[in-house]
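Take a look at the structures below.
You will see chain A twice below: alongside chain B first, and alongside chain C after that.
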Partner chain A sequence: MGTYPLLRVENVKKYFPVGRALFGKSKQYVKAVDDVNFSLDVGGSLGIVGESGSGKTTLAKVILRLFEPTSGKVYLDNIDLFSLSNKEVRRLRPKMQMIFQDPMASLNPRKKIKHIIGQVFKIHTDISDVEISERVIDLLEKVGLTPPELFLDRYPHELSGGQRQRVCIARAIALNPKLLIADEPVSALDVSVRGQIVKLLLEIYEKYKNEIAYIVISHDIALIKSICKDALVMYLGKVVEKSEIGKIIEEPLHPYSQMLISSIPVPDPEIARNRKRIPISGEIPSLINPPKGCYFHPRCPYVMDRCREKMPPLIEVDNRLVSCYLYSE
Partner chain B sequence: MNDSKILEISNLTTYYYTSRGIVRAVDGVTLYVKRGESIAIVGESGSGKSTLAFTIMRLLPDNAQIVNGNIWLYPEKIDLVRLSNDEMRKVRGRRIGMIFQDPMTFLNPVMKVGDQIAEAIMYHHGYTKTEARRKAVELLEKLRIPDAANVASRYPHQLSGGMKQRVIIAIAVSCNPELLIADEPTTALDVTVQAEVLELLRRLIQELGMSLILVTHDLGIVAEICNRVTIMYAGKIVEIGETYSLYRNPKHPYTIGLLNAVPTIHKSSSEVGGIKGNPPDLVNPPTGCRFNPRCPYAFERCIREEPPLIEVNNDRAVACWLVV
Partner chain C sequence: MNNQGAAYTYHLKNVGLQLLYKSSKVFKVNPRFTAGFIIVLIVIILALVAPFITWYPPLKTLVGKPFTPPVALHPFGVDDLGRDIYTNVLYGIRTSLIVGVSAVTISLAIGILIGVIAGYYGGLLEDALMRITDMALIIPQFLLALVIVAIFGQNFQNIIIAIGIVSWPGIARMMRAEFLSIKERPFVEAAKAVGLSDVKIIFEEILPNAIPAIIPYAVLQVNTAILVEAGLGFLGIADPNVPSLGLMLNTAQQYLVRAWFMAFFPGLVLSIIVIGLNLLGDGLIEHLNPRLRKR
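Let's turn to the complex of A and B:
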């Protein structure tokens, strides 16, 4: 294990052009990810929390070079990912894997499970077919699809949602990735099945935590809390708060985090009806024309003059990072 | 809240006739709703909760049929199952309003939202167009929508998801229905917007004295606004109870599993459980108790015989042989 963090994300930006650009100029951009920095050690687990449009999925896809970045640097194991050619990225792919929200959409409907998982070894290794089928069986057992013989010859449509997500997880861990990103891994699943998949993700994390870093993306802080140690709260492409997940839930610093935490429905009528609520006003502004100053100021109950002028920098408060003028000085 | 009933459902059975066979989506459901109360119907996808809601509104697709049962609307005790389509149209909107999951699907994309609200008012109250439009704006103001006149003159695609859902709510309550059925009203919305819409619903049922049937898979939002909870599994009610007591002391193994399966910010990750297996196929449901293949306590009787819904307290009924 090196002394440097496994993953370093530096000033990453991803702008999507919008509108017609027939005569060049006057192009507008959606700043989906705007200047994000963080690093993650081996064994680290980071949750990225945000509402739709906060840029959390775009950030993940940029880190994995599934989207080309606008600017910034990402280092995985000290390799500068953005300087690699497409071919080199493909070779590195087994080391950085993603689990997607909708398992049906990420499995080839015309391939049997054994081929879907076996394909990984075919592309990236030169092991024999016999060995491949052994590895596939081993992986199916690891993700709880037992007995594996029952699943080898099935097609994705013959599996339930939870089982399909297990296949996706098996495929993602097939070649011992260093970075595993799960994007809303349980959102598409039935409530009673979600717990099983959360458990599986935790098991896998425990098993591989000496070599792997985990990122879980979700709008659901409760899910993040059950898997990750740290969390990053995103709002309109910016990181507004980063700290240990427990602290964010117990004592959120940024007014947006406070609002987010207090709006989560709690499945306990006593807590739900007696807790204090942060009054909510307004809606998420458009990313094409974000408000001047702090992006959150039109909805913020503590807004000051300064917030309307300039975006607050991400500053350190008690070992936590927060981007809000309430905490400067 | 007085104790008079507004709706009573008795042994309601709705089947879908598909090429794969008969889907027993709602299979013998008995339930009542009191005036002014809000009751939740909780279940996973395929539990029949939405079919139940659409059956009450008589908005089922062509391949579905109400096979058995009654839906009595009080005080006249008219049976909605037996009403003609014309008579039912007068009940819909006027007496029972409905809010749907995806607001975009239920708004007309080429009609201004103000006109869409006004349409319902014109139909049921016979107002003129200008009067109805003015009423529509008043209604939006009542829902505390900022700049209501401006919003009323917009088309659905110009509004955000939360705003569209508020327009749907405005349409649903435009004729002061006695009962509001909300089918996953906040599932398509972000959490902060969801909190606002829930707050709005809570206020509306209080101010207008409406009853609410909330259909959802999310035990969290139930805990926020409902008085009573009905848990459905595979087309049947497995447990009904008062919200506080049901959350504190769930009795049916499925309810227990469901409450444990949700990660919450107040629970540590080791407490998150989940239920083994998957919801059954309703074309060919398991014999006996439909939950038996997934139940950790299943014994021989559960496979053989179906447990009836038995009242265990005055506010709790459970369908499980363990409780008998």
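Let's turn to the complex of A and C:
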């Protein structure tokens, strides 16, 4: 089986109107996701990095059609997701699943674990109740909740944070999705269980490598590095850099990526003292009135005149994509 | 495996014990709730066993000499038409409870339906529904109920329906508010991501989380409904074929000087019911809202 683009994201935009006019439409928009393009192969794993407010989560939700897109196209397995009716999307949901940021909030507090996971089978398959509970037990074992019998009748609040995230993962992989998006999968967890959850995500990835594609959203580049091969750096709803994660960490091209990388603490003081640091200056500008030209220019240490005029296009530099005039002739 | 099974039964037992412990704590910590609960429980039992602890048929005239003060055979006395007040008060409790519960059921049905649609779907539909609710809220409940009964006739069902359809706006507004906040919670989005239909999201995910918020309110609504029924009865608007505490008070006012017991006992019982339900409702609100709980 050759690889083919499982997911194609083309010119996706999501604008949220701001305020509500009494008559007519409001004129101002928050451009949460602005013209994003990428594709992802089966077996691929893509990390999306960026500060809070850069549109990472919105992008994921638009891809899954949890938000209606403003424009653009998303193809999953060559099916145009945005042209489907709500009903058709619902039928396609098992193929694309999401793991949410806060496992406590994303589990219904009034449902038992067996119902939370069993529900997925109830909607999308015709298997009997007995078979459902067998599958649920199977899944619980797969995500490391053993003995599964002990967890079936518990409510989410009776579990620990790590266990809850395991339940969320079990629900997401219940029907063998092709696309699995993990939105900040460990940021709500204790540091002590983060490693375990990352390990579990990697195990699942290894197991289904030939049929699944991962997208991991995080502000933590180290996490992305431990799970993903490629990374997409987003700033104010735009992709500013895309390449292999290793290359981004070793030699970030875009000044924003450089800033992000240099903000990672290094445990070795020797190295930390000697490395080139670009301090993060300024704050993320308003999304309603983004600066003219390159969105990053007010914070950029290498700002040039033309940065203030026009948004630089994404160009290819040694097999990597970057949106910066520093690299164009 | 056996070991796990044992662990599992142990766990179940633990849960049961915890529940028992928790409920015993509620009673200890929250005296208002306890008092209300006991009063309401007694009232309900009295209503249920009314036929067994009375010895006259309800509303039967001339079972005793009119205006007999309380004696052993007529513990609450006898009214102007020779009816046993004790019997009628006990059957009156029944009427009050039936009116309260059925009227609130009707208003819950209307209120939840409108609140759910407005809160979940939003947009123009929400605006329209909420303006209708506001309009319904403006009209004084008691007067509207009066008008409805006056138009459609003074029978028992009409009174229940009238009280039911004047008291839904509060429930609709609460329901909408709950839905507005719960539908934004991540587990609803997660349910959507899994592929649940709107109907399932409403009934399986959001509603079970919204209902607890309106339970205390519904208890207090039962109270209001009982008072409205008694008020209507006091104005003489009641089904004469059904024993009603309000109607008894209406008759009693003409003979207040001559026969105090005609007003005293129905009034006392009505007050006890209302106090009990109020305590229960307040206690529930306090219990469900930890910020109001005293430490």
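Details
Note that the second predicted complex is superposed on the first by the 311 of 329 C-alpha atoms of A that agree within 3 Å, B and C clash if a C-alpha of one lies under 4 Å from a C-alpha of the other, contacts with A are read in each partner's own complex, and residues count from 1 in each chain.
To be clear about the criterion, a residue touches a chain if its C-beta (ideal position, glycine included) is under 8 Å from a C-beta of that chain, and two chains touch if they have at least 3 such contacts.
Here the structure is a predicted model, which means the values were calculated and not measured.
After overlaying the two complexes on the shared chain, residue contacts for A:Arg110 are found with chain C alone; chain B is out of touch.
Shared-chain residue A:Met98: touches chain C; no touch with chain B. Contacts of A:Ser52 after superposition: chain B is touched, whereas chain C is not reached.
In the superposition on chain A, the chain among chain B and chain C reaching more residues of chain A is B.
In the overlay built on the shared chain, the residue A:Glu283 is in contact with chain B alone; chain C does not reach it. Contact with neither chain B nor chain C is seen for A:Leu232 once the two complexes are overlaid on the shared chain.
No residue of chain A contacts both chain B in one complex and chain C in the other. For chain A in complex with chain B, the touching residues are 51-52, 160-163, 190-199, 202, 219-223, 225-227, 249, 259-273, 277, 280, 283-284. Listed in rising order, the residues of chain C touching chain A in the complex are 4-5, 7-8, 11-12, 185-187, 189-197, 200, 204-205, 208-209. Across the complex, chain A is touched by residues 44-45, 160, 162-163, 190-196, 198, 217-224, 243-244, 247, 254, 257-269, 272-276, 278-279, 294 of chain B.
The touching residues of chain A, counted against chain C in their complex, run 61, 64, 66, 90-91, 93-94, 97-98, 100-102, 105-110, 119-120, 123-124, 147, 149-150, 153, 168, 171.
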